[in-house]
Structures are given as C-alpha cells and as structure tokens.
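In the two assemblies presented below, chain A is common to both, partnered first by chain B and then by chain C.
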Partner chain A sequence: MVVQMENKITSFVNSEDVDRPVLINVEDTNIYYGDNHAVKHVNMPIHERSITALIGPSGCGKSTFIRTINRMNDLIPSARCEGKIDYHGINILSPKVDVVKLRTEIGMVFQQPNPFPKSISENIQLPLKFAGIHNKKTLRDVTEKCLKQVGLWEEVKDRLDRSATGLSGGQQQRLCIARALALKPDVILLDEPTSALDPVSSAKIEELLLQLKKDYTIVIVTHNMQQAARIADYTAFFYQGELVEFGTTKTLFTMPEKKSTSDYICGRFG
Partner chain B sequence: MKISKAMISELPDDLPKSSLLKEKGLIKRFTDRYSESRGRTIIYGSAFTVIIAVVAITLFLTLQGLRSFVVDHINFWTFITGTDWNTDQTKNPSFGAFAFIFGSMSVTLLAALIATPIAIGSAIFMAELAKKWGQRILQPVIEILVGIPSVVYGFIGLTVIVPFMRVHFGGSGFNMLAGAIVVGVMILPTVTSIAADSIRAVPDSLREASYAIGATKWQTIWRVVIPAAGSSLMTAIVLGMSRAFGEALAVQMVIGNATKFPHSIFDPAATLTTIITLSMGDTTTGSVINDALWSLGLILLIISYVFILIIRLLSRRRNV
Partner chain C sequence: MNSKVTNRIALSLIVLCAVIMVSTLAALLGYILVKGLTNISWHFLTSESSAFMAGGGIKDQLWNSFYVLIITMILTIPIGTSGGIYLAEYARPGKLTSFIRSCVEVLASLPSIVVGMFGMLIFVNYFGFKFSVLSGALALTVFNLPVIVRVTEDGFRALPLHQKEGGLALGLTHWHTIKTILLPEAFPSILTGIILSAGRVFGESAALLFTAGMSTPNLDFTNWNPASPNSPLNLFRSAETLSVHIWAVNTSGIIPDIQAVANGSSAVLVICVLMFNLLARAVGKMINQKLSGR
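After this line comes the complex of A and B, so read on.
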C-alpha cells in the first residue's frame, strides 16, 4: 500500500526536495489512550531534510502521532503504542530504546512557547548540561550559534542574562526552536508551533523552518492548510485517527485521491 | 402574547411608580427585604473587626512593650544585647534578653534546617514521583501531623528525645537541639503541604520542555521543576519558620529554659516565647518584670511581622 502510494508520488515530483531518502519509516502504528483507539494503522515515510506536514481536523490524532515519534507519549500513563517506527534500523517504539538519548536526536517544539523561567542563554545551555557538557566556551559558542540559526541573536545578544519569559511570544517560540537545536538533533518535531502566535511571528517561523530543512528533517503538525501548502514538501492528511492520504504537498493539494481529503482542503469540514 | 398579558394582569395595579428612586429611611433600609444594607453591614463589619483587632493588638503590645524603656528606664540597647537576665534581685535586677532572642532565632533556624530537606523531599515524592500513592497515603499522614496538639509533640520530645540526648550527649538532656527537633517535626507538615502545592503549580509544559530536550526524570525535577517552584518553596520554608518562631509550649517542655547564654546546641536555653509563658504568671501587672516580658512580646511581634514581610516580598517576586 505504502509502496504503491510512493510510486505514484514520484511521478508528480517537481520540487527538488521531495526525492530525499527516507529517514523514518512508520509501519502499521496504532496508539491507544486506555480503550480509545486514537491512531489507527498508520503507514508513512518521513523523508530526510524535508518538511513533512500533518494536517487534519482537531482530534484526528495528528498531535498524538507526532508525540509518539520521540516517545513524549510515555509521559501519559494510559497511552500505549503498537507497531513499528523505523529510525536508523531501530524501532523507536521498542521498550529497549533509551528515550532520553532518543529525544536528543529527535527534538520537539510545542504549541505554546515554553521557555524555562531562566535566562536566555541558560535556556539553550540546559540541554547541553543535561547531556554532560560543561565546558564554558562550548556552551557560549553553541548559544551564539543556535540563536543565530533562529535569527534571534541580533535581538537578544545584549540581554542573554535576562529572563527568557520577558521575550515576546514569537521570540520565545524561536528560542524554543533554538533550544531544540542545541544538541544538533536529526529531526525536529513541531506541534502547531505557530498557532499561538501573531501572523508576523508565524511568518518568521515559517521562513526559519525553510532555512532549517537544509540541515534537519522537520515534521510539523498544523491546523493551517495554507501553512502546510507554503512550507511542506510532503503532507499527510489525518482524519478520525486514520492516515487518509499521504503525498507530496503539491499532489495532495492539487489532485487529492480521496474525497475526504479534497473536502477538507476545500474547507467543507474541519 | 396571551401568557404575557395574563402575567401582567396578575400583578397588583397599585405598584409604586417611583420604586426606581432610593428614598428609604434608615430603618426601612434594614427592614426592606430587597435591601442590600444588612448583608453589606455584616460583611463590612467582619472585615473591619479583623483589621481593628490587628491594629489594637499591635498598639496595645507597643504601648505595653515600650513601658519598660519609657517608665522603668531600662536601657533599650542593653535589653536587646545584654545576656544577663536576673529579674529576681530586688536591688539591681538586670534585663538582658539577647540570650532569648538568640535562642528563638537559633531554634527556628535549626528547626528549618531539620525540616526543610525532609519536607521538600516528601513534597517531591508526593507531587512528582508517586502521585497516586503519595496522595492516598502521605496526604492523610500530613493532615494528622498538623492536627496533633503541640503539647503532645512536647510530651513525646520529653519522653523520647530528652533521654536520648542525656544518654548520648551528656548533661540533663534538655537542650536547644531537642527543642529544634521537636519544632522541626511540628513544622514539617506545613512546609510539606505548601511545598507540594507549589510543585504541583509548576506548569506541565515546562516538564514537557525538559523531557523533550533529553532530560532524565531527576534532571527535570532538580533543574527545571524545583527552580521554577523556587520562590513559593521559599515561602513554604519561611511560613514554617514563622510557625517555629512562635511555638511556645512544646519548646518549653524540652529546651531546659536556662536564662544563661547557650554556648552549643547541646546547652539548655530559652526562647522569647518560653520565657514569657514561664514567667508571666508569677508577675504582677505594672511591675518592672511584667513590663520587661511585654517588651519581649513586642520583639516577638516585630519579628513575626518581618517574617510576613518576607513572605509578601517572595510572593510579589513570583507574580512578576
């Protein structure tokens, strides 16, 4: 099924970023909250150094799914996962996986900007300190590099010691992205990163993600279909816990295979 | 249409037209069913009673406490720095209360030192680690600890801690450390439950942020949750200290009540509260000793105010 779909996709490729190799392969993954079957039999690839968007109406399981990729759902006692998410030949869902190490390779940014109530520089240095890096120079260099990567350096370089909670919402979210970059992850998961932000800040983040996909694999959950159309190379449409359709963004938006996909894209529900 | 007409017809015809205007007399205001005046009077009255009580206590204690300096001409400086408390001598009584101020302070600090690690530890256990189990077992235990009267704590201290001290550290066994242990256990539940509340108040988004950057559970607790709860944890400790500072009975039963300046934590000592409760009954109103005890009470009050001020400052910093 997946293979078939992929074959079809390749015939529509005309963007240069949609023929990258697959980094994460999701095979028949099911997620339950207690008895509630929240995500059903999902199969999809996530391609290296590209942006994959997950769209769908509220409660369709897209957030639940993205939180499974770095095992954040482990924090919810009733959540249970079955299936296989292949990453470098390892099944992420296996109980043998070191989740702490996994999360340093697959970072995450959340809907609400959640900087630590500490200084700006400490927000970026904390992941390094958690990983056992205490060299002052390294810490300073990484802080500067990460803040430059998210375009925040010029705005905050004079107040690195001030509390991060004093920044604007958009700046806080970019700081959270910088924090996720500190450990040089392979993958960055973003769970509706712009839904709490104003349009200008959202545009900045979108621009930033387009920059970052040169070096990172990005998966983004979004409510905003225009956002998916603007930035994503691949789009997956979730509905009622099922992955209805997956394809290059262009294919999915111009020639959707399923009726519910085109209904959702045309705004007939959601 | 029909219904509304019927309802209107049920209303009396002689409904006063001027009922929009408030033209009621003083008595009518209280007898009228629809008047808010009664409720307002009761609530305003309660609020003012509390305020008046606090102001009255402060004023009364200030006036009484200042008598020893103004009427009896005790030197204020020697009162708060002197260590010689000899009130029985009729000729040259000396009133140096520093030993008690110091005693109160050090018992409070020691009690906080004993209680804080245990309290924060059990708060973390309750609020972070074993949420269900902690809630079911530890919460009732803490409530029971709060409910035990201080005389029981004192009595247990007297029968368990004092003999232990006597055997292991010599002397009578009545000493400052015994007092601090008893008070430390007493303030434990207060500090624990406030600390647990402040840990629970840390938003889950911060825990998520921490796990998402590859933190372990302990790193999350020590480096993210505890610092985020920071100033409210301090509030918990200061609140416990202010309780410890004011405790009289339990301390009095185990501390030895020596008016001499203690040179180690294994020396018997006295605190401001214990000296007041011990001596107040034996003095006559208006005597110099009685006035001096009032002055001790005033010092106690001032220091309590300082504690409250610290708590206020901490909570204000939290709100910024």
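After this line comes the complex of A and C, so read on.
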C-alpha cells in the first residue's frame, strides 16, 4: 500500500479541505539558540482542521519551529523567541501565557514514542487525573474512546493494565497520540512521528492523521516528502532557518515558485 | 611489537588487577568470617555486653546501630532527595548552583572523624544534646546527606529527556511531571543508592565516637516509652553502636575475651553490610522488572 501511495505523489490531489479558516497565525517569528539564529522571520498561517506539513533538510529549523508553537523550547535554557504567534487573539510567545494550559490545548507527539513506564490505561488517564477528573467511569470511557480513535482498542483492550512499554513501536506511538487526544486539544503537533517506525506502522499513523483532521488541527514535521504529499493540505518548506515557501500541498509540489523548493522536492539535495 | 601482543599484555594486566582485587576482598571477608563466625551464637546476639567478665553479647550495640541508622535515614532521605531533585530539575546553571554543587562535593569528601568533631561541637555541646542517639544521627546526616543528594541527582539525570517532554506536553506542571513520571522512574536507582549508603552509615564509627558516645544505659526492651531514660527508643540517651563497640573493646576493653567479642562483632557487622549490598541489588532488580512490565 505504501508503495502504491508513493507512486501517486504527482497525481495527488487534495483540494477538498483547502481554505479553512486560520487558527494560528505566525508573524515574523525568530528563534535563537544563544547566538545561533535558528529560525528567521517566519510568517505563515496554520489552518483549522487541516494538516500542515513542515518539510526541509535536517537542521533547517522545522523541529525548532514546531516546538515553539506549544512552548516546548522553554525547556532549553539558551533558546529565545521573538515575534508573534497569534492563537485566539493571544500571543503564544508572550511570557504571560500559562504554558501549562496552553499545552492542554496544543498537544504534542514526539519522534521517539515515549509512553510512560506505566500501564496502558494510566498513560491515558494521567493527564485527565491531573485535570481533576477522578470519576472512574468517565476515566474508563475516555480511555476507551481515545484508544478507539487511534485504532488501538481492539489490540489492547484485554491488557489495559499491562505496561505500555511492552507494546510495539507503532502501537506505542499510537498510544502517545491517544494520550494527546485525551484532553481534547485544538491542535496536535507531531515532530517526525513516524521516523522511528516501520512502513506498515507509519502507514497506519498516516491513515489515523487523515481521520483526525476532521476534528483537530494538525501540524506535522516530516523529513519524508512523500508523507507530506500524501497527507498534508498545506506544506511549508524550510531551508537554513527560513521559510522558503508556503502553500497548498498541491501547489507546492506541482508548481513550486522557488528554485530551492523544486530542487529539494526533486531530491537534488537534503 | 604488533597489536596482537599489545592486546594480550593489556588483557593480562586487566585480569591481573581484577584477580588482585577479588582475592583481597575474598581474603579479607574470609579472615573476618572464619575468625568471627565461631564466636557468633544466639546468646552472643541477644545478651548484653559485659564490662568485666567474659561471655558478654552485643544485643544493645546491634539495636543501637539499627536505631541510629533509621533515625539518620529519616533525617537524610527527605532532605537529600529534595536537594537532589532541586539540583537536577530546578537549579538553573549559574554561580549559585555550582557553589551548591561544590559544597555537596566538599561535604562528601570530609573525613568522618572531622564530621564527628563538628558534631560534638555543634550537637553535643552547643545544642546540649549530650552523647545521644540524636547527636549521632545528626552527625551521620552531615556525613550521608551529600551521598543521597548525589544519588538522587544522578538518578534524575540518567532519565531520558523525552519522558519529561512527554509529561510537559500533556499539560502537566513541572512538579506533577516530577512526582508522577520522573520520580517513579528514578526510584530504583535512588533506592539502590540509599541502601548502599545505609551500609556505609551502618559501619561508620569515627563520626559516632564523640557524638553517640561509647556507652549505653541498661536498656529495658520491655519499655517502649521514648521519654523514659532506659527505653531503647529514647533519642537522648547515649548509644554505642556495633562498630564503635569493636573499637572500644579493642582499645580500652578490660574483659578477658576481647578477641572473641571483637571478632564476633566484626563478623556481624560485615554480614549486615553485605546484606545491605545484596538487598540493594535484589530490590533494584525487582523494581526494574516490575516497571518494565515483564
């Protein structure tokens, strides 16, 4: 199936969901690591209930950028952001923002599946319990719903109390997505979610994302152009810290405006 | 000289060092156990020590060793783990942090006799705790605190960053992430470190000579009221521990069976410390297996 999908890149048409309203607007955002100017003057919209892919060669700043959208870069002492990321009228980058609350609305899934070494159900219930939900039935219902959303329910329903670290890599990653869904966020950020997985698991995750975009706004970093072409409605091409080009996936892949975009897409570098 | 020969020489040197180390340890343990085990009997473990006559036991000393250890751990574990968590998770790199860290290192490398003198001046004299369980435990706290801080900090630093990111990305606060995700994961290594340090505290003598004292009142093991002067639980009575007892018997004892008592006590001490080490391994392994879900 994956191979088939890859062959379809050039004929890929995904225009049904374009021109959704803008949920997050990035305005002239700069990110520094100490003196290193890692992301330069980025302006781009993120459209509601669609998939936006960030592509580009390693070190182009795409991961740095996505980690700024829910302020995960706060963990790095030398990181510093300037500019504005507008979300429901507030600037995400403002020091006044309650990052803990922000992250319940803008969730994140990482490259390496990182389930907690606890049981499968505890993995999903941990954020719920922190949010003050202690009703056992609610917890069970949400667990079941989230696991069904990611297509993991049938595989794990008989061993919910077993450790999540016993799952396969692909299952772990779907559990991490289910965990991020538990709090019903608006936006899900995924930082190369399939790069540590085998092709079959990757394809499952891609299908899942296409399902999820009906209800969620999805931003995904990927080094895999075919993946962006397969699932994204919008694609942003980053190169050397700059946003070279942003557009609908169809336009970007079929009629790129900049030469470096077409060079990258055609595999001439990166 | 070709590389094969160099390889052989390096290997034989390493093996030689390992053999020297293992045989020293085996000889030492063997000597202590062979000499001591014959002196250990139920009577020896459960009777009071005698000042003049032969046939005294180590009941009180054994109890004191465990009691001082428990009090020390009650004092050290909360402070030490909190300090370690602070250094690993909250302290921002800077002058203050590196100052705190070097303080911990200096504290860890203080000779225990110096800690004992300090304990005597501060706890025994200044605070007026006299030679007591409490003074001894406080001195051992000074001695043990840096170890626990270090063990905790290392335990947290060894955790993969993506676990912390996972917690924070789910909208948990930093503290809640530490409490529910990082601490349980670091727990096996912290616990192993704590048990190993317990072995060290258990065998410590120099820091206790001038703080817990070299005598024990006649303990009444039926009286568990901590306020009564001859209760085993009394914090303000003097308490000669097992290792101090070995030293005291050897240097100033006037009992006729000095050799037997010293050998027997040493064997008991070594067996206890060995048990702490084995326990640390077993518990660490058990929790690890439980956590990884096998």
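Keep in mind that, in the parts below, the second predicted complex is superposed on the first by the 256 of 270 C-alpha atoms of A that agree within 3 Å, B and C clash if a C-alpha of one lies under 4 Å from a C-alpha of the other, contacts with A are read in each partner's own complex, and residues count from 1 in each chain.
In this text, a residue touches a chain if its C-beta (ideal position, glycine included) is under 8 Å from a C-beta of that chain, and two chains touch if they have at least 3 such contacts.
All values derive from a computational prediction rather than experimental measurement.
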Simultaneous placement of chain C and chain B on chain A, clash or fit: clash
Touching partner for A:162 - first (chain B), second (chain C), both, neither: second
Which of chain B and chain C A:103 touches, first, second, both or neither: both
Partner chain in contact with A:179 - chain B first, chain C second, else both or neither: both
First (chain B), second (chain C), both or neither touched by A:66: neither
Touched partner set for A:127, first chain B, second chain C, both or neither: both
First (chain B), second (chain C), both or neither touched by A:92: neither
Footprint overlap on chain A, where chain B in one structure and chain C in the other make contact: 70, 72, 75, 100-101, 103-104, 107-110, 112, 114-118, 126-127, 130-131, 176, 179-180, 183
Chain C partner contacts - residues on chain A that touch it in the complex: 70, 72, 75, 77, 100-104, 107-110, 112, 114-118, 126-127, 130-131, 162-166, 176, 179-180, 183
Parts of chain B lying in touch with chain A, wherever the complex brings them together: 203, 205-216, 219, 223-224, 227-228
Touching residues on chain C, where the partner in the complex is chain A: 92-93, 160-173, 176, 180-181, 184-185, 291-294
Chain B-facing residues of chain A, complex: 70, 72, 75, 100-101, 103-104, 107-110, 112, 114-118, 126-127, 129-131, 176, 179-180, 182-183
